[in-house]
Amino acid sequence: MDVSYLIGLFATVTFSVTGVLAARAHNMDLVGIIVVGVVTAVGGGTIRDMILAVPVFWVADANYLLAAVAAAVATFLARDRIQRRMQWLLYLDALGVAMFASLAVVKSLDLGLGAAPALVMGVITGIGGGIIRDLLTGRPTLIMSRDLYATPILFGVAVQLLLLRMPGVDPALATVIGGALIFGSRSAAVFFHWQMPDILTLPGGDS
Amino acid sequence: MDVSYLIGLFATVTFSVTGVLAARAHNMDLVGIIVVGVVTAVGGGTIRDMILAVPVFWVADANYLLAAVAAAVATFLARDRIQRRMQWLLYLDALGVAMFASLAVVKSLDLGLGAAPALVMGVITGIGGGIIRDLLTGRPTLIMSRDLYATPILFGVAVQLLLLRMPGVDPALATVIGGALIFGSRSAAVFFHWQMPDILTLPGGDS
Amino acid sequence: MDVSYLIGLFATVTFSVTGVLAARAHNMDLVGIIVVGVVTAVGGGTIRDMILAVPVFWVADANYLLAAVAAAVATFLARDRIQRRMQWLLYLDALGVAMFASLAVVKSLDLGLGAAPALVMGVITGIGGGIIRDLLTGRPTLIMSRDLYATPILFGVAVQLLLLRMPGVDPALATVIGGALIFGSRSAAVFFHWQMPDILTLPGGDS
């Protein structure tokens, strides 16, 4: 049981928690809640593994499913206490995204992918579960928001890939730096309410 | 041509019929209707096979496609007569769900999956097509409803898995019992308007 | 570098352009726009390759990703000039659909699929990216419209498959004719505002 395994489990738990809380205003029953929690937790990685044509991670190791279900049930039970700390959860979500995305890059490179597809796999793994959650619960997808969500992933993963190309850089260190940059920039975006400058944004309006 | 093959074709037809009727208020043309019918019929099994990394069932055997298309067209033609029997269709849908889910568990176990992933595959196969149908037609997904839909699947598949673990139980019998429990509990939920008790439900409201 | 490779790249660019423009009323930032452009461009082909169990095309060859990103950024920059030519874009989109769908049929047949699954793969490749785009951006999916979109694909691909079965017909010619029929009939539907006759359409209304 290595460190990246534990990190993956921890990220699974954080995604399940945030998935359940995102769904909480929807008059859902416990089974629906568990479905949303599990899908949010494992959805991105499932798409990643299907595209990579490797065995889907939770089929080979049921611990991910058990962790996601346990986290969803615990979140349901403790929802009143947790809801008062919603802001805090955005940072937990940022941590999960950072871990999933940077590990997905490692997995993709290990399978022989080039830098561009590996970067895409990082983004898919980071945002896939959240997008499926939004679709299942009828919310605007996170892509539709001006909140910076995909951008920090793109930024951190790009740095990670650059570092991995540099001779003499420890791959583990590059991955930790990539993940830390995702977490740090996403957290800063949450804390300071960063948005893309208007010049990089399409004005809303009639289509 | 064995019994489970015929059951699979029958479930495909029932899902195509219910998919077309779910889409019927949407001003769709016949081709759109066929697409929705086919996607509802084969969507869950397609996701199942992609996750299991086995050949997708309708690629290897076009009979499933032909059955789904024929059922969609027939439903379009007979829609006025069928719409007066909508309640009856919920039981037909329950039957399709029961057959797809319990057979998916058998297929998953045959491929060496553990109990937890096999249970998830049963749920995915049972609700996957319906969720894609809801997304395509812009309806709230079936996960968002307090109707018991995923719960009967979870219940029947769990019993099926328990029975399959018990020594001396005929696997075919365990599968039939699992399917019958899904069909029976879903039908009872429809007939008696069962919902989850409030204590197992998130109150709707502001998020 | 053969002709079908260049055609695939060109279709990728056209889909990315139309994906970005479809999303343009949504107050999205540049990163979201790139995500939508790329997903629209490669989404249909990704589902096709996952169902066919072959390596996903953009994993093996990053040029598709680079083309989609470049097209999305260029469309963002030139959006004011492009928006005045929106009608023109529907024909560009029709061209992309025609190329993707007819090439998907060839790929499917080369892998040993029968005519019915190959036809479905053509439709999936033609409309898959657009449907994911609609879901991500919260628009009614293209299936929900009475515009003829899937119908021209079905028509052209069916003729292509018939021609490929006839002895003495050059496969390349059959593919070109199939693609031309898709493009021609979709363009005519756009130009003349064709819709399915009422008798082949479900009346909208209460469900």
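A, B and C are the chain letters, set down in written order, and residue numbers restart from 1 in every chain.
Criterion: a contact is a pair of C-beta atoms (placed from the backbone, for glycine too) under 8 Å apart; a residue touches a chain by one contact, two chains touch by 3 or more.
This one's a predicted model, so the numbers in the text were calculated from it and none came from an experiment.
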Size of the rotation, in steps of 5 degrees, that lays the CA trace of subunit B over subunit C: 120
Interface composition of copies subunit A and subunit C: same or different, split at half: different
Separation of mean Cα positions, subunit C and subunit A [Å, integer]: 29
Per-residue overlap in subunit C, given as positions that touch at least 2 other chains: 50, 53, 135
Contact set on subunit B toward subunit A in their complex: 50-53, 113-117, 120, 123, 127, 131, 135, 140-141, 143-146, 148, 150-151, 154, 195-196, 200-207
Residues on subunit A engaged by subunit B in the complex (per definition of touch): 22-33, 35-36, 38, 46, 50, 53, 55-56, 58-59, 62, 65-66, 76, 79, 135-138
